[in-house]
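Both complexes below contain subunit A, partnered by subunit B and then by subunit C.
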Partner chain A sequence: MNLRFVATRFGRAVLTMLLVVGFIFVILRVAGDPAQVMAGDDAPPEMIERYRAALGLDRSLPEQFVRYTAALATGDLGRSFKDNRAALDVVIERLPITLYLGFVALAISLGIGIPLGIFAALKRGTAIDRFAMTFAVLGYSLPNFFLGVLLILLFSLHLRWLPSSGSETVWHLIMPAMTLGTAHAGGIARFTRSAMLEVLNRNFMRTAKAKGVPRQRRLYRHAFPNAAIPVVTHLGFRLGHLVAGAIIVETVFAWPGVGRLMISAVAARDLAVVQALVLMTAFAMICANLAVDLAYGWIDPRIRVAGERREA
Partner chain B sequence: MTVAVTPTRTSKLFRGLRRVPFGVGLSLAFLSLMFFIFLFADLIATHDITAQDLTNRLRRPAIMGGPAQFWLGTDELGRDIYSRLIYAIRTSMLVAIAGSLIGAILGTLLGFVAAHFRGMVEDTIMMLVDWQSSIPFVVVALATLAFLGTSFGLVVILIGLQGWDNYARLVRGLVLSANGHGYAVAIRGLGAPPVYVYWRHILPNIAAALMVQFSLNFPETILLEASLSFLGMGVQPPMTSLGLMLGSGRRFLLTAWWISVLPGAVIFLTTLSISLVGDWLRDRLDPTLR
Partner chain C sequence: MPPLLEVDELTVGFATEAGTLVAVDRVSFALDAGETLGLVGESGCGKSAICLAALGLLPPNGRILGGRVLLDGRDLVAMPEADLDKVRGGTAAMIFQDPLTSLNPVHSLGWQIGEALRLHRGLAGAAADAEAVRLLDRVGITDPKRRLREYPHQLSGGMNQRAMIAMALACKPRLLVADEPTTALDVIIQAQIIDLLVEIQREEGLALLLVTHDLGVVAEMADRVAVMYAGRMIETATSADLFGRHRHPYTSGLLASLPRVDQRVKRLAPIDGTVPWLGDLPSGCTFRPRCPRVLASCAEIVPVLAPEAASHRIACHNPVPA
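== the complex of A and B ==
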């Protein structure tokens, strides 16, 4: 792969991460005395002093920013004032359970969304198409928190089939994963459909048909790879929605992951933990987008030659 | 050019109104009802939304056998759910409309600025756009509220900041291409200042695309407000909003499901209606956009 292409993408990712750090740096100073704010309202004076020293508040602003960034880079994200543990550890210990939910939800949304989108495109204008598009609009309009409440009402309170909160067994996973998964399945179905429709109308598809390539092969070798390009990019953008959705879904179903941690940390104004969460979310998202960008350049040679992604 | 284009599009829209699909018509009716409630909440509410009636707590809606004076029942403090719902709709609509407008105006302005100045200014604005698209906005909003504390004004501003990047990206692209068109070049050649060209000629020409973007963005702002309030970080009591009602009613699902389900249904029907109307508008106003 073109080295310059990789370098540009990588540079951009680093720059974006620096902007996120800058955002927290600025907002922490807007909020008042950063040491006081970070340490919490009723923190002991020595804790405030420690923050003051750590943040280097007696120095100039640019110098503070450099020191702050350097501290973050070494993994020092401050301490939770609740139990004085490193904020990073508090976040990391909740990560696996959120990833578990996220991957299952992603699998559900891809498993439903992609086949549905493909069938809708192939059977354009039929009942299947209309069903798929209705599903997509409903999935898009039905907010996670409302779907979650409806599912609890039906399956936990009325039918008493599924537990409404917690994460102990696989039964606990069903409702949160379905809530998170179906919302995205709709969007993915819709996007896959339009990507497929576009490819199916291309000249090369007609040529393949005229050459006598069998239908199966036309789809698998010609249509799917080409339709996959925009769908992969779209998935990169979707990831953000998935993270945002996880915060809501974890709250609705009392799923003890990172999303719930975010809400309790925000409510308690445990800012070191909030800061760690924002930085880690941003880091994960930026890495994912970088991976999508690189994958995109790898699938589609036109991109890496031009060195610039087309505006989506 | 402007004079020629705008009436054609408008008249096309009105001709189309005669054969509006049933679902879109229903959506428009529902949205009109929401807007009516937004304007005249004081007239149609029957109770004070903070008035408690502790002898009538968690009553069923009148239709399901509850007391006749509470049409949609009462909550855990005996407050009238019908009136609270009316005011929740007003607050949520207010926040969504204000937020959408802030985002649209800010994004459009920055899009014009980026397209006009190019170079460093454009790079900076596009870098901010990339930044905004790179992390989920709910996380940014929650962090800001954690650091700065919750207030109604801050919530409105944050909701306004959501989605500006889409406008900026769209407008920059459209203005760049419009600048190369004959009409813009001609008017500029006649000596018109840039602001005049942008305001009187280019803006009306890209208005259709902006309206489509607005219809895409509006449900997102409703959902963001509802999400933040649901999580307890948005609109704060004694005010109420659809998300807040849904979130706080969740504790009473077993005994009084209607407290949560009614506002949830309103949110769902509103976003659904806007999506349906938006899709229809998009086909009608701008067939090239998807």
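== the complex of A and C ==
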């Protein structure tokens, strides 16, 4: 992979992040007076003024923007209104537990989704295919809160096998990870299936057969690397979402992650924490997209070597 | 000595929404080592289906309904898939119409050629690379060492077809099936690829089954020619006989419709009518509705491919006088 390719993608990512920062800055000032929001509706005017001065809202807009960006660059995202701790710290302490759940769920969804998609593609039009796709549709259309509650009813209340809330042990992880994992497995299975079907009919698959490549190898070395390209795109978005946390699943299973923090911060109008969450989510999405772009280059030589000269 | 390839009463059908269409109807021919047989006809006449069926490469809706394909005396139709994988790319190799889409876009040329070498000849690593370089050089690709690491999208159509030929030659096949190998290429590149195929066929003593709708290519390359119409073989002869003393009215029509550089022709002479749909073939001779020499009996009796001379056979009740 050449340096120019990586540098271009990286530059684009930085530019996107700057746009996001600018956007948040504008939104925060358009959506209402932050000082008013923080002080509450019935605060006396002099208290609001104190807040304005403390937040630097009495300065000119360009000056505010420069100070805002400079503060962001040093990792200062303001202080939580609730306990006066740095907003970034409040968010970051929740991150590991959310990522723990997210990556286990992602592993489950890949482990189920990719084989299921490949299998359905190979058995296209048969009962197996229809069964697999019914499962997939069920997986992503069944609301998380519904499946979550069903699991709690069965495994916690009825069978009494698994704890229904919290995150202390591995046993606590099973139900939220399964709920989140099966939901995404459906989407991944469908993406994999359609990508495989598209690839299986391509001419180079016939060439591989004409060359005497055995069936298994044709599937895994010839078809799958081509089919992986759209699946990786899909995966990139999933990766970005991981950081934002699974708001519903975390709430249902009382999982103390970023998703629940988001709910409580919004409810408490804790502006600095909400802002930190939004920035971090945007940052994660941009990083995920960058990772996808770089992964593309690795999988697909047509992207990696684009721009190099084409021989006549 | 028996021929290298013997196709015997091969019948191929395709499952469609309108039922099973017979694309190849009891076609027989033989091909000796070192010989080139040109299989010609319009699009949809079944010439490609014969090749794909012979090597077990039909798409999922295609099926061999009858007949045998003997390669070296072994019937490929009855052969288990695992044994076929040893024959394909080994004794029998195939090249296709569109070289760019026929090569895998995510693997380098070296990887794709190396795979064939590993599967059939057990070569790997430096030995495989050296052999791949030799093969690329053999098919006239310049700077083969560098090309080894390049991908199909970096090369032109002609280069890719040369790479396909190199890949086909990788395991020293005795039969090469070429399905419209020049159709997707520019005219100048076509000529180069034809020259290359002719040269390789002579030097390696390959049996070449060449499918094309281009009679010019056939004239240049083939020892013998078989003409197909609507799934049936209607005339087969040596190249010289076919171009000089063709007997079937369809073959005459086909040749008359060719532009010529040595004569001033105001208008090309097309064959009247259109190719019949395979789901609704006329009774008797399928060329009957378009034939200028049609007789009453043509509607009733299917003409069989009967010997006219030692190596000249036609399927016609009222052939063009010799």
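Everything that follows uses one rule, which is that the second predicted complex is superposed on the first by the 266 of 312 C-alpha atoms of A that agree within 3 Å, B and C clash if a C-alpha of one lies under 4 Å from a C-alpha of the other, contacts with A are read in each partner's own complex, and residues count from 1 in each chain.
Note that a residue touches a chain if its C-beta (ideal position, glycine included) is under 8 Å from a C-beta of that chain, and two chains touch if they have at least 3 such contacts.
Keep in mind the model is a prediction, meaning the values are calculated, not measured.
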- Consider subunit A as the common anchor and indicate whether subunit B and subunit C clash or fit when overlaid. fit
- Task: Please work out whether A:Asn2 is in contact with subunit B alone, subunit C alone, both, or neither, and reply first, second, both or neither.
- Result: neither
- Contacts of A:Ile24 with subunit B and subunit C, given as first, second, both or neither: first
- Touching partner for A:Val37 - first (subunit B), second (subunit C), both, neither: first
- Message: Contacts for A:Thr126 in the overlay, against subunit B (first) and subunit C (second): which applies, first, second, both or neither?
- Response: neither
- Task: Have a look at where A:Pro214 lands relative to subunit B and subunit C in the superposition and call it first, second, both or neither.
- Result: second
- Message: Quick one: is A:Ser264 in contact with subunit B, with subunit C, with both, or with neither? Answer first, second, both or neither.
- Response: neither
- Query: What's your read, subunit B or subunit C touching more residues of subunit A?
  - Reply: B
- Message: Considering the aligned complexes, could you tell me the closest Cα pair distance between subunit B and subunit C in angstrom?
- Response: 17
- Message: Please report the subunit A residues shared by its interface with subunit B and its interface with subunit C.
- Response: 311
- Query: Which subunit B residues qualify as touching subunit A in the complex?
  - Reply: 127-128, 130-131, 133-140, 142-148, 169, 173, 219, 223, 226-227, 230-233, 243, 246-247, 250, 253-254, 257, 260-261, 264-265, 267-268, 271-272, 275-276, 279, 290
- Note on the structure: subunit C contacts subunit A in the complex at 55-57, 59, 81-82, 85-90, 93-94, 96, 98, 101-108, 115-116, 119-120, 150-151, 153-156, 159, 164, 167, 171
- Contacting residues of subunit A [partner subunit B, same complex]: 12, 15-16, 19-20, 23-24, 27-28, 30-31, 37, 137-138, 140-146, 149-150, 152-153, 157, 194, 237, 240-241, 243-244, 247-248, 251-252, 262-263, 265-267, 269, 271, 274-275, 277-278, 281-282, 285-286, 289, 311
- Per the touch rule, the subunit A residues reaching subunit C in their complex are 201-204, 206-215, 221-222, 225-226, 299-302, 305, 308, 310-312
